[in-house]
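Below, subunit A partners subunit B and then partners subunit C, in two separate complexes.
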Partner chain A sequence: MTFTAPVLSYTLLSPILILLGGALIGVLVEAFVSKALRPVVQLTLTLGTLMLSLFQVWRIRGEQSLTPAMGSLVIDGPAVLLQGSILVIAIISIFLIADTEHFTPLAAALPGSAEEREAAQAGNQVTEVYPLTLFAVSGMMIFPIASDLIMLFVALEMLSLPLYLMAGLSRRRRLASQESALKYFLLGSFASAFFLFGAAYLYGFSGSITFAGIRESVIGGSGNDVLLLIGMAFLSIGLLFKVGAVPFHSWSPDVYQGAPTPITAFMAAATKVAAFGAMLRIFYTVFANAEWSWTPIISAIAIISMLLGSLVAISQRDVKRMLAYSSIAHAGFLLSGIIALNKAGLDATIFYLFAYGVATVGGFAVVTLVRDSSGEVTDLNRWKGLGKRSPFAASAFALFLLAFAGIPLTSGFIGKFSIFSAAYENGATAVVITGVLSSAIAAFFYIRVIVLMFFTDAVEDGTAVEIPSILTRATVVISAVITLVLGIYPAPVLDFITDLAIFIR
Partner chain B sequence: MNAANYLYISALLFTIGAVGVVVRRNAIVVFMCIELMLNAANLSFVTFSRINGDLDGQVMAFFTMVVAACEVVVGLAIIVTIYRSRRSASVDDASLLKR
Partner chain C sequence: MKWLSLLMLLPLAGAAIISALPKSNEKAAKQAALATTLVVMAATIAMAVGFQRDNVDLQFVESYAWIPSFGINFALGVDAIALVLILMSTILAPVVVLAGWNEAHGGRWSVKTFYVLILVLETMMIGVFAATDLFLFYVIFEAMLIPVYFLIGGYGTGERSAAAVKFLLYSLFGGLLMLASIIALYVMSGAQGGHTFDLDKLSQLQMSSTTQNLLFLGFFIAFAIKAPVWPFHTWLPDAAKSATPGTSVLLLGVLDKVGTFGMIRYCLTLFPEASKTFTPLIMILAVISIVYGAFLAIGAKDIKRLIAYTSISHFGFITMGIFAMTSQAQSGATLYMFNHGFSTAALFLVAGWMIARRGSSTISDFGGLQRVTPVMAWSFFIAGMSSLALPGLSSFVSEFLVLVGTFTRYPVHAIIATFGIVLAALYILIPVQKALHGPTTAGNENLKDLNLREKLAIAPVIAIIVVLGFYPSPLLNVINPAAKHVISQMGFTDPVPSIGDK
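And now, the complex of A and B:
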């Protein structure tokens, strides 16, 4: 028996390989570098790795290949765009993660125990978050470019497992943080079990684990449709869970609230890009010819996600929970881009993902700034009069809220406009009408928060706005600039996306 | 023996696992039920591999086992931490995050 060595195109895989290499070096840094040096070494290493990877993504932007890794991965325009978005979001989130205030000094110590106090006094930090972030980012980079079921499953777990851990590392309210980790983990694994079972049935349907093989069977229509339907349904459950669409959303408010805010920012933005990237590839290429069977269900999920997300967000009193419900609504808006199933829908979804991701990181960055003596203040009532206390934080937050609401001159407007017009083109009128209606509902509570911040008198309760560290300020400023530029002058980015975003099969 | 029977067993195992996740209250047991679901998927993969007469499904089963092992490491770490701070691994007790 002869053994054929696999042929890998290292240039095309380099963004992912760089990230994995950086993550492994990060693990070694944990073992060999002194405690005092570790934070700065880890931050430099992580940032350098992400930048280098982004640079490589930029260099391979025009390339197309079905076989960068023996047909397990595929590199094409959407792949490059999604990978670039994930990296940009990761870079601006790393600035937030670098703020040590958010993480417990010693994850293994009991909350409130003597060990914890000692670790805090000794100035310990969980610098493990940096390699964990890099592992999660590399999983996210693989997820949208996977082109067989094995890679898809491994990437899904690779992006999830570090996030489960990081959700439990909060410095304040540690019990709630651990609880959110438990919920995220149990529900996440539950969803991946469904995902895997679906994958098994797709394999049974087509006799192939590659997307190309499954696609051929879907087009040929020779296989057993029951297997295809079970497979599609269960696989979609796994993906819809990751994006937090109704009815698979129950984890997201709890996890958004309990997890350390920088991790919430990173997870909310980057996971959405990765999971929607994978959904785009799967629904636009593999299942495109079985449109009749999934469009009605995905439309229904999009409609209830938009409505439920917007309606429940109105009654939220906690800013992180409010943003969580708003992200559920946004999952619905993004699903209308999947339903569109045309070139315009693909372009619009990629643009929307990037714009929404950046604004989300910015929004949570502002949340990290509003604190009192016991940590972050997430109760909306105590955000009253923030505009007077800190015009910088309040106006940045107002900008991000306007972007979420889709008000003109922000990136959100361009995103919503293009995604809804793409869906309308494909005849998804009901989805578009619900989308516009729920945008109006959503605008109500976003603007209520703005009114609360600027036109309500402050109550003296010790809520203060931290003077932002340079890194956090960088996150807020970069996100705000991107949000504005994409809103005022989106043409170059839109053209860039339109030129590149073509799936190869 | 008809290979389809293994698919029925696998579907049954998967259902038992899914029901277990929903009705059981101990985080460890819930987690075991999830593992049962993963193994049910594995059984399906291997059965389909046999029906299709190729090895892809068996390869996938190996990957699933490795991934499931990683999940155990992360999962038990989280559950043990919760147990140490609360002296309970019940998922009902973990209810701080409510409105």
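And now, the complex of A and C:
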């Protein structure tokens, strides 16, 4: 038996390799750097790694290759755009994660135990969260560029496992945080199992695990269609779980609420980009020719996601849960970009993912600022009068809410317009009309929060707005600027996306 | 000279200057706002002088690429109808600033913010009438809601935040229906020769009559909510009652005109066939608005609500004029929009001063103002008379034109609408009698009459009402060619009067 050395194009893979390298060094830092220095070293290392990776992504932006890693990965325009989006979101999220107030001093200790108190008194910090983030980011970077089922699964697990852990690291309300982590883990594993099951069927259908092979069988129509349908269905369940589409959404409100807010921000924004990126590739290239069999069901899921997300969000009293339901509705909006199945839909979905991701991180960044003596205040009733106490936080949050609602002059409007017009172009009238209607429903609860912040008098209960640290302020300001610029003058970004976003097969 | 973009930039520049002023210097903010609005008004008048009235094409056209990948341009241009409305808006703006000199003091936020919002709104008011790109129009149409929302919710009185939310949700809902129609138009334009939002090109799209009807409804409902036409009117009385008088003037005088303007510019131009299909229904809605608004006004106890209800009735007339499809009614409707702006402004501003002095907005709390505050009472009287379309005041001309123009095609509707005039006499004369005449009721003895600033603010408005009542032809000469053009583009010719046939 001869051994063939794998041929890797290191330049094209460098963004991912840099991240993995950075993550490994991060683990070593945990072991060898003194406790006092660790936070600074880790933050610098992580930021540096992400920036360097982003720089590499920028450098390979024009490249196209089907074989950067022996056909298991693919680098093309959408890949670069999605990777870039993930990195930008990760960078602004890291600013939030750097605020150690959110994390438990000792993750292994029982909530309320003596060890936990000791660790808190000793000023311990879980700096492990930085390498964990880097591992998760590298998984997210691989997910949308995987071009065979094994790689796709590995990436899925790689991005999920660190997130399960990170969800349980909250400093306050640790039991809720741990419960959410466990819930996320169990349901996530379940979804992974579905995913693998689907992958097995697809292998049975086509005799191949590569996207190219499956695609050929789909086009050729040679395989057994029942296997294809089952495979597609189960694979989709795994993916839809990750994006939090109805009916695979039940984890998201609990996890959004329980996880430390910086992690929620990162997870909500970056996971969506990665998972929708993978869905785009799979549905636009692999399953494109079986359109007749998956469009109706994905349309139905999009419609119920939009409606249920918007309707249930109305009754939420907790700001993080409200944003969770809003993200379910947004998953529905994004699915209409998948249904569009045309170039306009691809461009629109990528734009939407980036715009939504940035606004989401910004929104959660504001949530981290509203606190009282026992930590964050997420009860909406106690957000009353925020506009008076902190015009900065309240105006920024209002801007992000308006972007979620899709009001013109924010990035959300351009995103919604482009994604709905692409879907309409493909004849998905029902999806578009539901989308527009649920936008109207959604506007109701976004506006209610604005009313609470600006038009209601404050209750004196010690809810204060933290003076934002420079890093948190940076996150809020960067997100707000991007949200506004993409709303007022999106042409350069849209053109950039349109020029690059072409899948190679 | 790029007049229209200059007009849009000026208020923004003013807003930038005001936001740079220190918070404590409220007077400087007011003066800067007044100066800015006066400059904008002067610039608009200067532009209007250069308007060629016999040319029915768009004038002062500008276009800049905005989002090329969607075929979106920042395109501006005006016909006579848009010009008249921009003129009205920019004249009303300084009046509102001057008249409401102190109205920002009761607000949640600083005086400075109030004027920044007003100026940003002025930019959008000009833009919404001048846009010739559908996407640009929609963006401004929706974005306008934000400053108004904060003006009502932040500076109004009473249940201001509830009223602001109601206003916003109604308008957003209508706007989203329109968005669905716009998306459909955009996609169709892509299939028929390239994505565009250019109004001219969109009006040449081929579409089935079902599609046209559905898209028409998306637009019409949005405009009917904005205008407001019965049964989409319920947000208006609350908003008008809660807003400051100045904001109410802009809301009813200018923003609501976007609805009726939109019906002419977008519904009639883009969907001529569907407009014809729905005309009978819309005419009925218009007549109901006229009569129903009038009845509500007669029953109103609150003076601001009363004015809001009269506006519902007046918007019924305007809508009727637009859809009667005769050039007379069409000119009448446009002139009505202009005149209604000023008569409502006069009513609201004087009512606002009355309320501020008396500390109550209930009509029965006033009485005998004629003796105590003659100037204020006379101003209210003239404004009221203009509102009921007394001959010699401006509204008469427009209401008459609408009725005559409607009668040639829809005699029954016109006759019922004529009862609206009788009812108007009731809803204006009853409060005039209660508030102005008779013995001075307790609590009114020491009210102060208008001061110089207030007189300066109301004088130009009353002057316009009186002058255009006697001599409307300068304005009509501008409007008539455009109105005829709208009608002929729809494929209608005016019916020949059938008097003396037998």
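By our rule, the second predicted complex is superposed on the first by the 505 of 505 C-alpha atoms of A that agree within 3 Å, B and C clash if a C-alpha of one lies under 4 Å from a C-alpha of the other, contacts with A are read in each partner's own complex, and residues count from 1 in each chain.
Assume a residue touches a chain if its C-beta (ideal position, glycine included) is under 8 Å from a C-beta of that chain, and two chains touch if they have at least 3 such contacts.
Because the structure is a prediction, the values reported are computed rather than measured.
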Open item on the list: If we overlay the two complexes on their shared chain A, which of subunit B and subunit C does A:491 touch? Say first, second, both or neither.
Closed with: second
Chosen between subunit B and subunit C, the partner touching more subunit A residues is B
Under the stated touch criterion, which partner chain does A:215 make contact with: subunit B (first), subunit C (second), both, or neither?
neither
*Please indicate which partner A:447 is in contact with in the superposed arrangement: first for subunit B, second for subunit C, both, or neither.*
second
For A:257, is the partner it touches subunit B (first), subunit C (second), both, or none of the two (neither)? first
| task | Using the superposition on chain A described above, determine whether A:185 touches subunit B (first), subunit C (second), both, or neither. | result | first
Inset, instruction - Would you check which partner chain A:421 touches, where first means subunit B only, second means subunit C only, and both and neither mean what they say? - result: second
*asked:* Looking at A:320, would you say it contacts subunit B, subunit C, both, or neither? Reply first, second, both or neither.
replied: neither
The subunit A residues in contact with subunit C across the complex are 347, 387-388, 402, 407-409, 413-414, 417-418, 420-421, 424-425, 432-433, 436-437, 439-440, 443-444, 447-448, 451, 454-456, 489-491, 494-495, 498
As the complex stands, subunit C meets subunit A at residues 65-70, 108, 138-140, 142-143, 145-146, 150, 153-154, 160-161, 164-165, 168-169, 172-173, 176-177, 179-180, 183-184, 186-187, 190
Subunit B residues touching subunit A in their complex are 7, 10, 14, 17-18, 21, 27, 30-31, 34, 37-38, 40-42, 44-45, 47-49, 51-52, 54, 56-57, 59-60, 63-64, 67, 70-71, 74-75, 77-79, 81-82, 84-86, 91, 94-97, 99
As the complex stands, subunit A meets subunit B at residues 107-108, 110-111, 149-150, 153-154, 157, 161, 164-165, 168, 173-176, 178-183, 185-186, 189-190, 192-194, 196-197, 199-201, 203-204, 207-209, 253-254, 257-258, 315-318, 321
